[in-house]
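Letters A, B, C and D name the chains as they come in the text, with residue numbers starting at 1 for each one.
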Amino acid sequence: MALQSLDITRRSATTTPSPSQRQTPEVAKLIDVSKCIGCKACQVACMEWNDTRDAIGTNHGVLDNPTDLTENSWTVMRYAEVETDRGLEWLIRKDGCMHCANPGCLKACPAPGAIVQYSNGIVDFHEENCIGCGYCITGCPFNIPRLSKKDSKVYKCTLCSDRVAVGLEPACAKTCPTGAIVFGTKADMLRHAEERVQDLKSRGFAKAGIYDPQGVGGTHVIYVLQHADRPEMYSDLPRNPSIGPLVELWKGAAKPVASLALAAIGVGAFVHYVTKGPNEVSEEIEKEFEDEK
Amino acid sequence: MTNHWVDIKNANVIIVMGGNAAEAHPCGFKWVTEAKAHNHATFIVVDPRFTRSASVADLYAPLRTGTDIAFLGGVVNYLLSNDKIQHEYVKAYSNAPFIVAEGYRFDDGLFSGYDEAARTYDKSTWAYETGPDGYAKVDETLQHPRCVLQLLKQHYSRYTPEVVSNICGTPRDTFLKVCEIIATTSAPDRTLTFMYALGWTQHSVGSQMIRTAAMVQLLLGNVGMAGGGVNALRGHSNIQGLTDLGLLSDLLPGYLTLPREKETDYQGYIAKRALKPLRPGQMSYWQNYAKFHVSLMKSWFGDAATKENNWCFDWLPKLDKVYDVLQVFELMHQGKLNGYFCQGFNPLAAIPNKAKLSGAMAKLKYLVVIDPLATETSCFWENHGEYNNVDPAKIPTEVIRLPSTCFAEENGSLTNSGRWLQWHYQGAPPPGDAKPDADIIAGIFLKLRELYRKEGGAFPDPILNLAWNYRIPHSPAPEELAMEYNGKALADLADPKEPTKVMVMKGQQLDGFAQLRDDGSTACGCWLYSGAWTEKGNMMARRDNSDPSGLGNTINWAFAWPANRRVLYNRASCDPSGKPWDPKRKLIGWDGAKWSGADVPDFKPDSAPGDGMGPFIMQPEGVGRLFALDKMAEGPFPEHYEPFETPIDTNPLHPKVISNPAARVFKGDIEAFGKSKDYPYAATTYRLTEHFHFWTKHTSLSSIMQPEQFVEISVELAREKGIKAGDRVKVWSSRGFIKAVAVVTKRIKPLKVNGKTVHHVGIPIHWGFKGIAKIGYLANILTPFVGDANTQTPEFKSFLVNIEKA
Amino acid sequence: MRVTRRQFFKVCAGGLGSSSVVMLGFPPADALAEVREFKLIRSTETRNTCPYCSVSCGLIMHSLGDKAKNAASSIFHIEGDPDHPVNRGTLCPKGAALVDFIHSPNRLQYPEYRAPGSREWKRISWDEAFTRVARLMKDDRDKNFIARNDAGATVNRWLTTGFLAASASSNESGYITHKAIRSTGILAFDNQARV
Amino acid sequence: MKNDSRTLLRFTVPERINHWLVALTFFLLALSGLVYFQPLYYPLSQLFGGGTWARILHPFFGVVMIFLFGGMFFRFRKLSIITPTDKDWLRHVREIVNGDEQHLPEAGKLNGGQKVMFWSLVTCMVLLILSGIVVWRAYFSFLFPIVVVRFAAVVHAAAGVVMIALIMGHIYIAIWTKESIGAMLYGRVRRAWAKQHHPAWFREMTGGDK
């Protein structure tokens, strides 16, 4: 294990603690939807920095393009034209990995070290360890990871862990023309978000607020929403995201219970054999057929 | 821009109208969000479409395309009738008190002096009344019936909120809300900034739209103020630079003008331009015209330019008319042009009415295209099916295509819309054999010169004598050229205050245009850029971004023309006594001995407030013009004229004069304009934030972001026409058709105009028959061949189409 | 087949042993948790200005190689210049995509010639190109140059050839273009500022 | 075991081959499947050339299993119909555990336990196939809503574990019950063995008490 510029909080499918003595400051990316003009600079900067290129697609009757996240598009803008009591509002949300404090993808991942969470909060995929099962997709409450058709590995936003590791902001945050995306320590981002909420309230958005869902332990990508009471208006941002009960069951209790059950069967069999001995043909019957021997 | 990008953060109210800064200038637009976040600014968008700018606006007002003068005229009326003007500023810094000559009239849509046959005005009555001393007369009480303020009130009294709403389709309440917010900035410590771009320029009345905004700003006292001004955001990276350098048919560098063919006398040419003050004590800076002109000619023709030959005045071509692109393509269409050069310009896509352009180009004998990319223009002779249906065999044009470098492969400077000249550096060699533009021009010019030297020919003098003293003649270095346009002393220059002292030694770079002489002892390729490369070195490459005033002026970053000044007319940010109107935003002030502050004063630095010099030093009267005199082609006050293709068939203000009576339009084209019965929908073309004109369709990342051509229509129109989002539709005008995907949106709403429902069809322009994005139709297939009366900029923003499911 | 109690134990032990042997032979890969290498560590930086709109954002271009004699520079990444007062490091979607403009497959690389009526381009040398262009210009100019107008005034203009300049080219290119073109007497001279 | 009149044919050659192929496939499936189930078992992936190969192969093993297990199903489904005697047999838990077959109702060719095993395996297999299609990310998952995929993942894991448990039991009983592995290997059993473990079948085969 070479570089450990970011210390490790969790590693997928790893039963022993990861090196986690050092604590780097917790970071966060704040997306202020009220400042976002939907220019897609973040989409471009993301592809450019990560050296991916999506296909040149088609227009589907909307401005969204690429229309969904892909293994090459780790972030996309989602445009929603919503009529509210203020008239028409064009709510444009940058979608991508939320970097949950309690990541469903990591929980679901069976490949050791394919998904790691650093102590700064970034949830990173290590494709060299990824086996391509797609369990992270099943586990993610925000429907973010995408499986590549080319290499059958799963890709998503890394929060530019390579840039953050050397003390830079993520490419999307750097490029954002209007400052709708900002980056810093999570404490600073929450403070900044609070200021933004105050500004929005002063402009008549009574329900403005911060989206930092606690169902996943809070996130390291947080939103400022004009209508925090109705996140679903923002192209179906989940109201109370969490690792669902099914995933909890599947990747939580089920694992040790089942392993114990299997072990119990083994032990039971062993005990049974030792105590009862083999089930052989009885002496009587053997005698009956002795002549046949 | 009168101000600059960062200065927008100082505004209290920001209006984006006739532009869409969030999409076309996103990184400059950050200063809008900054003003909102940190200056608690109110942000208003007025546009036919709910744009991405509108998505972050506090207030959005819809209006019908092409009706901005009606809207802003209504604002002028509101400000005057509700007494929401900054009185002291208007009285001292505008021509409101000036008395207009008696013959001036405005009746039923026409100003005095109209010549219907020539479609032009005799502008002699659009003038001030002058006294025997030659100065213009003023009435300080502003009560004279012919003083500008009274005429202004009279002219715009027709623009009531009801009339505005009827013409523009803007709901009356929304319009009044906009007016109220604008009116708050008549307070001396509040400013409004207007941000506009091609949404204003690309109309047959584009210049007048901008003028109306400028008038609003003068009335509110917002010109010259930090966070104020009228800000042209402009299109290309160096469109400001090429305008400053005069690469237009009638200009010379630095807004010097080419002589007309009647101006054969050099002295007369200078005298007409070196304007004498119209009021006592005024600077009238153009009085220095001869210094700029002679220095230019010395720069171009060197020793060949002498006092005796009037500095080669005869060598300059004389204009019989303005050869703007519309005029040139009209001539080409008539077969009167043989050769054409397109250097980094894709006219087949960028000028209206593609069919006409394509036919015109096929009549050329030769076409030379200098470009980094394979443009449609260079391939106009290629058949691309429905997208470019021509027969190469029938096109006799010789085409020579020369690859040029792009930004990353050369050193040089670009001038942004904030007038900053910024130097950039080469990062990699060009691909293949591509060459910088300067080398290509040098290559062509030197060959031509060689031919003239060998063979002789028609009037070879200017070609043979053009100063070409570059170290490597076929590859002039950008640094040499920059030093040349900055200017240098050709002889020792004495200090005018102490004639015995040498201020600049022979051969040295000049410090600025104040050192220019009209006796041939200085050379300067563009007086406005003087100061860009002085003896201290390349001022455009300066990188000190410190901002001690906090106003964002960063005066040690790069170089801003003129004279490194960041906010134009900044003398007007102070009251007549020299104190800033708003002490919190002090640009400059009179310190008792001179003007000083956070910016370079746009003023005579030692002229005390008591001297009475006006802040608009380029104007002979020293004040801003509410009344434009003879400077505009279609009238001294802006008047609402309908687009040449109007969806309402009339002008509600004056049905007899519907469209701009002085616009650039040719006979054959007038007859081909569409009428609303055949083409019922108002169409407008525009850019998207994902793309840049016709370049980025050659770029993979940009093509990924918006791959395929589309048009935008309202939910209501879609329902009427049975069109669903994602359907392919056909859109056609009287000039041709395009097919594209329909984007059905709530962001375009039908408007009630003059008792009629007007639907808009939005047409983004970025696709064509070359590129790696999905092949599409050039949008100018649809647009009309008509232009503004002053700039001749085509009316891309307002025309008529029909639409149906393809 | 009879399996005795002893055989049962043997099977179990053997199973354990063989699975251990398997593990010894193929140890599972280490779960690496390092971040991707930062790609700009030693790249060469060059300051530039975005060529698109007239905000003129500052750029930092990162290129391959350290400008050593034997290294061919090629720009592989561009981001905003954080020191620039206007863009402060930001770039819009067009500017952020500039690296693909530089490397567009549609960049022209060689002078090309299309003969009248032809359907194809032919590659030519610069010298051929300059010679041909100059010849076409001279022939047209010599034939159509107007020294005096009908009224007899000296006008020295050449109206049958026009020139469109590029408002995306540098001031220096623009300046030399203006200087050279005006010396020929061309009046049909414009740039994108007009449109 | 000699193929003579003193032994009885218990399983035909095709039955035996089918069984052992199923057994082999099961082991491949179980071992590759466990790789994703619990980090503890991840090293098993090395048996298949790494986690990625385990992931690629597992569903294809499953496809093979569908055919092989289908064969087993059609061969043994009639034999596995549960009769009242079987139900009675199953009620004698204590005797079953102690191997006290004298006190058990007479088992036929398959005893009640074997039949229950059969139907349990069939049930698990159906669940595994259906859920397996849903969670087969490379080809099918994108066709289903995420909730369905999550549900299928739980079903697949649960059915897989139950299946492994059943097979572990099956193997143990085979080991415990001497000579039964031989029966599946060679097909024939001693008459004594048959009489001991499957008296009803023994009678059926020999036609008498002996």
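The definition used in the following text is that contacts are C-beta pairs under 8 Å (C-beta built on N, C-alpha and C of every residue); 3 or more make two chains touch, one makes a residue touch a chain.
Given the structure is predicted, the values throughout are model-derived calculations rather than measurements.
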Comparison of A-C and B-C (more C-beta pairs in contact): B-C
Chain nearest the overall Cα centroid: C
Distance between the centres, which are taken as Cα means, of chain C and chain B, whole angstrom: 28
Averaged-CA centre spacing for the pair chain C and chain A, given as whole angstrom: 35
Rounded Å distance, chain C centre to chain D centre (Cα mean): 64
Computed distance of Cα centres, chain B from chain A, in Å: 49
Residue list for chain C, restricted to those that touch at least two other chains: 2-3, 8, 28-29, 80, 87, 90-93, 95-97, 99-100
Per-residue multi-chain contacts in chain B, two or more chains: 26-27, 30, 689-690, 700-702, 705, 772
Junction residues of chain D - those touching two or more other chains: 42, 45, 50, 175, 178-179
Chain D residues within the chain A interface of the complex: 6, 35-40, 42, 45, 50-52, 54-56, 97-99, 101-102, 135, 137-138, 141, 146-147, 149-151, 153-154, 157-158, 161, 164-165, 168-169, 172, 175-179, 190-193, 195-197, 210
Of chain A, residues touching chain D in the complex: 13-15, 110-112, 129-135, 137-138, 143, 147, 152, 244, 246-247, 249-250, 254-255, 258-259, 261-262, 265-266, 269, 272-273, 276, 278-282, 285-286, 288-289, 292
Interface residues, chain C side, partner chain A - complex: 2-5, 8, 28-39, 77-80, 82, 87, 89-93, 95-97, 99-100
Residue ranges of chain A in contact with chain C within the complex: 1-6, 8, 11, 13-14, 18, 39-41, 43-45, 48-49, 112-113, 116, 118, 124, 126, 128-129, 158, 161-166, 171, 174-177, 179, 273-274, 277-278, 280
Chain A to chain B touching residues, read off their complex: 34-41, 43-44, 47-48, 53-63, 65-66, 81, 83, 87-90, 92, 177-180, 196, 199, 202-203
